[in-house]
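Look at the two complexes coming up: chain A is in both, with chain B in one and chain C in the other.
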Partner chain A sequence: MIQPVQRRNLGIALLFLAPNLIGFLLFTLGPILISLGGSFTSWSLKPSVPLRFVGLQNYVDLLSDPNFYFYLYNTVYLLTGLPISIAGSLALAVLLSSRLNLQTSRAALILSLTAALGSLPVSGILMISGSGSTAFLVLALGVITSLGLYFNSIGYRTFYYLPHFTAGASTILLWMQLYNPSFGLINQSLLALCEFLGIPFSPPGWLTSTRSLLGFLPLPAHFNNGGFGVGAREAIMIMTIWASVGGNNMILYLAGISNIPPELYEAADIDGASGWQRFRHITFPQLAPTTFFIVVMGVISGLQGGFEQAKLMTEGGPAGTTTTLSYYIYTQGFELLDLGYGAAVSWVLFLLMMGITLLNWRYGNRHQNQ
Partner chain B sequence: MSTTRTLLTLFGVLLALSVIAAVWRPRSTDDPRTPLVWVSDNSPARQAQIEAFNRLHPELRLRLDYGSRGTQKIILQCTSGVGPDLFDYSSEEIGAFVEAGILWDITEVAEGLGLSPKNGWPGAERNYTHQGRQYGYPCNTGVPILIFNRNLFDLLEIDYPKQLMTIGEFIALAKAFGEASQRKLPPGGQVYPCAGMDWKILFSALRGEFFDPLGAPNLDNNPALLQALELHHQFLFKYRLMPTTIEARTMSGQGGWGSGNINQFAAGRFGMFVGGHWTLIAFSRTYHQQIAELQRRGVHPEEISTPTERPLHLGAVLIPRFPGRQPGYPISSRVAGINVRSPRREEALAFLQYLAGNTYSELLNQSCDSLPGNPGYADAGVEAGPPALDRVAMQAVTMEAMRYGYSFRESPFLQLADVHRAISAQIDRMEADPDLPVPGLLRHAQKELERIMRRNLDRNPALKARYIETFGTSAYHSLP
Partner chain C sequence: MNPSGSLFRHFGLVIIAMIMTLPFLWMVGTSIKPHHEVESLSLLPSSPHPENYAIVLRQSPDPYTGKLLDLDFPKWYFNSFFIAGWVTFLQVLTSACAAYAFARLEWPGRDRVFVLYLGTMMVPGMVTMLPAYQIMVSLGMVNTYQGLIIPSAFSAFGTFLLRQFMIGIPRSFDEAASIDGANHLQTFIEVILPMSRPGVIALSIFTFLGNFQSFVWPLVMVRDDHLRTIPVGMLSFQGLYGQQTELIMAATVLNVIPLIILFVVMQKQLISGIQLGGVKG
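Up next is the complex of A and B:
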């Protein structure tokens, strides 16, 4: 029996929850249910196509659609960058959790000024000698080192987190310039390095190439196998790793590291443990819950990913090699106007994500508890 | 209790503010003119075109919205009732817009306003009609021509292209150009003989069709398409007449897929270039920059002895033809259509009339933006410009090419955009692996189209019935 006071409190609670609840029902739960229902219909933006129940037809079509498997392969292939990204975040967090020991703030200021002023003449000389991009790099490194020395680890944490709160579209445009096969900084640097070392080198086509590191596999013909090499998929993978290494994962690891009881390290020091042993036997096991969370979230966002890159960088090309399932959903729904089919793809993607997440929980949790 | 009161007060304030915001709408402007929104590109010429329209129609206020371009954006905006009054589309997009039900069918109205296709360029009507119904009027119309860089031909001592070559003559000329470039230009400075002579142009030169007369896609049993793709392959890998997509990207400093060819041609990296005469807008800019630079250095163009150091010097001829066949060129248009859900669609008709009139056509010709939709004004306002750019000759070549222009046959079962997407994916595969046989690529493209068509039929019972009636049940069941 609910007391009048409890009823009143419930009413007030519901009143406060209402804005969020209404928003959730209208803009999240509602569309989810509509898309589920829509996946069993001939839902289309074409007025000539009548809306009718088609049962599992969209799902049957999907399973016999060779493009679906190719784009699923692309999605999973791009996901293979996740371990590198997680390892990078962990390494970065370990580095950034320790402070540079500069004794006094005066020493920090002197070192900081030395780094900044030292980079100026070097970049000036490089600029005059015509190496504009290298000059810019040296100057940027000088400024970053200088600020890092002055603000210590907080400065570096900010730098590494910078890509995360920069708009995706602007970083994508930046990477497109970097990947330019002829004028991009990456190929220019690789060519200069190889020329210096006397190694004959043909730079990768990056976003224009269908090659892949798994190109040697005997994949089906419609997988557009361009052979072994570095291609558009690797280009996108590298960019994604760059953006995610210093992102939220690093912050989560930093929070995790700060929660490790210092007694554990003190005991290890007394036992004479090396830096690697401290990491191997204390830091890494203590961060297992964080790693588990990051892996689960990383897999979920990885399976949903690739849309921005495909839309802005490659339009899913060349030959569909950068089309992921999320971009495929978009093209089916909004280019071919077949919303029912697009909804079916999105629900299959959802089931896939849920299956992998359950596996993660089932097996990952066990390791975490151990 | 005081916390609850504070929160309730806050809630009340927010609610009151929401009510005020809902009631207190922005006051309408005092401008009595009817507003019209046109989604088009942000070419500098648009502003003058809009100003002229607004002067001719003081009761209307046309404005440009270039931020809403894009098929998906327009479809979503129009279907949700917030679309523009007018928007531009290409021949590849018309099917999608008609199927989305957002284009106003003006067939009957157009007849009375003198906008019907019979008053337009012959062969161009498929750019703005679909299944026999009219959905707009062209902002411009054009066909590709072969533009060449006289400076490069002079430098390599090669004869200029003839007015109408055969494809064999073109290959011989391009090969001679390529060999001379290898011989006479320093390593790394060689130029490609041509850009843009791709499978689409070759397929059009063969007057090919993607669909049979009944509307079924025919890619894998299509001699014209096979020949076009094989020639495309040879141009890339056997004769090295033009760069692959990757090579073009390597040469280009900016832009997306296939872009940058105009800039590269202007920079003297190609001897010949397939493009519309609207490319003169870009070439003219380059030419004037070069002249300004020479003036700054105090050099007169005629004093320069090395041809490649001279400012741009262009010529134009028709795209080569295949022996024994009538020439064929794909006509393309930028068409303005009216949003069927626009409350001002009747007023928007005035803009289509404007497009067919003298004022707009003169402005269009002055800005070199292809030919007007109305052939009666094809020459109106054409300015000769610098002789080095050969503007008048280029206009004449384009008009000559229009005589042989045609638009691809359409199908009720598939869109042309689907066909182009399917073949382009196979071209990507060809460029990635030149050893792939062309017939196999076409089989893949055909299968992909049949798969899309099967889905289209399964979604639309009326379309399926039409297909079965036309081709029979077994044909339907044989679709993948």
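Up next is the complex of A and C:
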């Protein structure tokens, strides 16, 4: 039964909804339906291919496409950086939430000013004596220490969050330079360090290498496995961890920690619990809903990820080792112009995401109820 | 609590902050190096070479070719702000209107339509990209500003975020407004929208940032250099001047600076926005 008020509201509601609804139908729901329908056709941008219904052919092709499994493996392999990143976010949040205030605000101010003013003459002297790099580092160290001592967790949070906030094409190109095998900062530093320690060392090829940490596994030949070592996939993982460890996950953990009732810790103190026990039995279980949310969101975005890195850094290489499913969809659609097949891959990706999310849901909820 | 324990923690936090910041320090240092010093391990050049910025901004010629760069970085810069600005304005506007309809009005079928909105949020962007491109082809919007702005002006996520915000506002405010003779448009603009301010600000930051940095859609939508935004522009920069690291780093610094300013200025609103989306989403 629809009441007259509700019916009158329908008109008003439609007026409010109209601009959004038109866009939603045209650019979200419409494309979703076209994509689903198109995945059952020979949809192509090549004029030589006529559009016709092919049934499940695209999906059958996909399941017998060795590249699909290779790129699925790459996508899932890149996801293994996620637990490291989440553990890092949690550790940072716990550290930032711990007591950082010095005895008095005056002591903090004095120490902060000492760090700021102290780093100036030191870096000045270093600059004059010709080691500009060290001077630059000392100056940065002084600024960070000074801000951290004065603003405590908010000061540090800013520095940790910046890689996430600025993440994009530019920072990907920045890392591409850092990873340059011969003159990139990373390999040069590693070489200098090993020379100093007297260890013989041949640095990894990073983005040019097909090695991986799982390279010792007997993977199929078309996975272009370069053996055990550090290669392009690890390079992308490290960059992703750098960009995400201090990002939204850390912010969510900080909020979660601040919502834990202090009585729990007070009770633990009375029982004489150690720092680890407090974390193990209070902090971590109390944060379970946050962790659950972060894992679900991380898996969803991780399975769709890797496009920008592949497009900007590696073109999916070397030998396809950094091609993820999203990059595969792009190349199928916009380079090979085979939209039907690309759409089929994207729907299989969607099913994978849904499946893992539902598993997470069941497992995660059971875990939370205990 | 002993102060040495907290000093020890500060020490650890400073070290981590240094590691996180090091790539940015290298970026700034390299952006002011002359070309022949790029490969040295030193973070800073022997003497600063800020001309790199003038070259990237097309104020002085590239020393290798003797003419201005073929790529119009200043135009990309303008495009990025122009497009992200319009998208943010339109998306917040359409999302707020729709959120009002979902949160404050009762009409038949409301919850089913809302579930449909929610459901589409689960679908990966790659699914809609190919057909959305085809739709833009048939609308004749490929390679235009409209093609970059209009598809992003509507968002199920934005509608969802603001609806969550508006649903928390007590009913009595609408009733009071209605007793004062306000119609729905007046209630929306004068009561509900101001009360949703934190949500609107958070959505604005998310939308602006997401669009300013968006890569895939401008990549497929734009053919001409003068329509490029910074992220896709950087791809052609890498392709044409990939050997001139110092220029790429100068461009990167110019890309990152407005983001750092935005972050420092909006930090408080942004953090509460993330926590809001995370806790309620």
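Assume the second predicted complex is superposed on the first by the 337 of 370 C-alpha atoms of A that agree within 3 Å, B and C clash if a C-alpha of one lies under 4 Å from a C-alpha of the other, contacts with A are read in each partner's own complex, and residues count from 1 in each chain.
Here is the rule we use: a residue touches a chain if its C-beta (ideal position, glycine included) is under 8 Å from a C-beta of that chain, and two chains touch if they have at least 3 such contacts.
Nothing here was measured: the structure is a model prediction, and the numbers come from that model.
Enquirer: Would you mind checking whether chain B and chain C clash or fit side by side on chain A after the superposition?
Expert: Aligned through their shared chain, the two binders clash on chain A.
Enquirer: For A:S105, decide between first (touching chain B), second (touching chain C), both and neither.
Expert: neither
Enquirer: Given the superposition on chain A, which partner contacts more residues in chain A: chain B or chain C?
Expert: C
Enquirer: In the superposed arrangement, does A:I251 touch chain B (first), chain C (second), both or neither?
Expert: second
Enquirer: Under the stated touch criterion, which partner chain does A:S129 make contact with: chain B (first), chain C (second), both, or neither?
Expert: A:S129 contacts neither chain B nor chain C.
Enquirer: Of the two partner chains, chain B (first) and chain C (second), which one does A:Q277 touch, if any: first, second, both, or neither?
Expert: neither
Enquirer: So, A:V49: does it touch chain B (first), chain C (second), both, or neither?
Expert: first
Enquirer: Would you check which partner chain A:G226 touches, where first means chain B only, second means chain C only, and both and neither mean what they say?
Expert: A:G226 contacts chain B only, not chain C.
Enquirer: Tell me the contact category for A:T80 with respect to chain B and chain C: first, second, both or neither.
Expert: neither
Enquirer: Quick one: classify A:G205 as touching chain B (first), chain C (second), both or neither.
Expert: In the superposed model, A:G205 contacts chain B only, not chain C.
Enquirer: Check whether A:F334 is in contact with chain B, with chain C, with both or with neither, and answer first, second, both or neither.
Expert: Both partners, chain B and chain C.
Enquirer: Can you check which stretch of chain C gets into chain B in the overlay, out of 145-153, 181-189 or 271-279?
Expert: For chain C, the clashing option is 181-189.
Enquirer: Do chain B and chain C touch any of the same residues on chain A, and if so, which?
Expert: Comparing the two interfaces on chain A, one with chain B and one with chain C, the shared residues are 12, 16, 182-183, 334.
Enquirer: Which residues of chain B touch chain A in the complex?
Expert: Residues of chain B touching chain A: 4, 7-8, 11, 71-72, 75-76, 79, 96, 99-101, 245-246, 249-253, 256-257, 418, 425-426, 428-429, 431-433, 440, 444, 448, 451-452, 455, 458-463, 480.
Enquirer: Given the complex with chain B, which residues does chain A contribute to the contact?
Expert: 12, 15-16, 42, 44-50, 52, 54, 57, 61, 64-65, 67, 180-183, 205, 207-211, 221-222, 224-227, 315, 317-320, 334-338, 340-341
Enquirer: Contact residues on chain A for chain C in the complex?
Expert: 2, 5-7, 9-10, 12-14, 16-17, 19-24, 26-32, 34-35, 38, 92, 95-96, 98-103, 107, 132-133, 135-137, 140-141, 144-145, 148-149, 154, 156-163, 165-171, 173-178, 182-183, 185, 188-189, 192, 242, 246, 248, 251-252, 255, 290, 293, 300, 303-304, 307-308, 311-312, 325-326, 329-330, 333-334, 339, 342-343, 346-347, 349-350, 353-354, 357
Enquirer: Chain A touches which residues of chain C in the complex?
Expert: Going by the criterion above, the answer is residues 1, 3, 5-7, 9-10, 12-14, 16-18, 20-21, 23-27, 29-30, 38-39, 41-46, 93-95, 97-98, 100-102, 105-108, 110, 113, 116-117, 120, 122-135, 150-151, 153-154, 156, 159, 184, 188, 209, 213, 215-216, 219-220, 230-232, 234-235, 237-238, 245, 248-249, 251-252, 255-256, 259-260, 263-264, 267, 271, 274-275, 278-279, 281.
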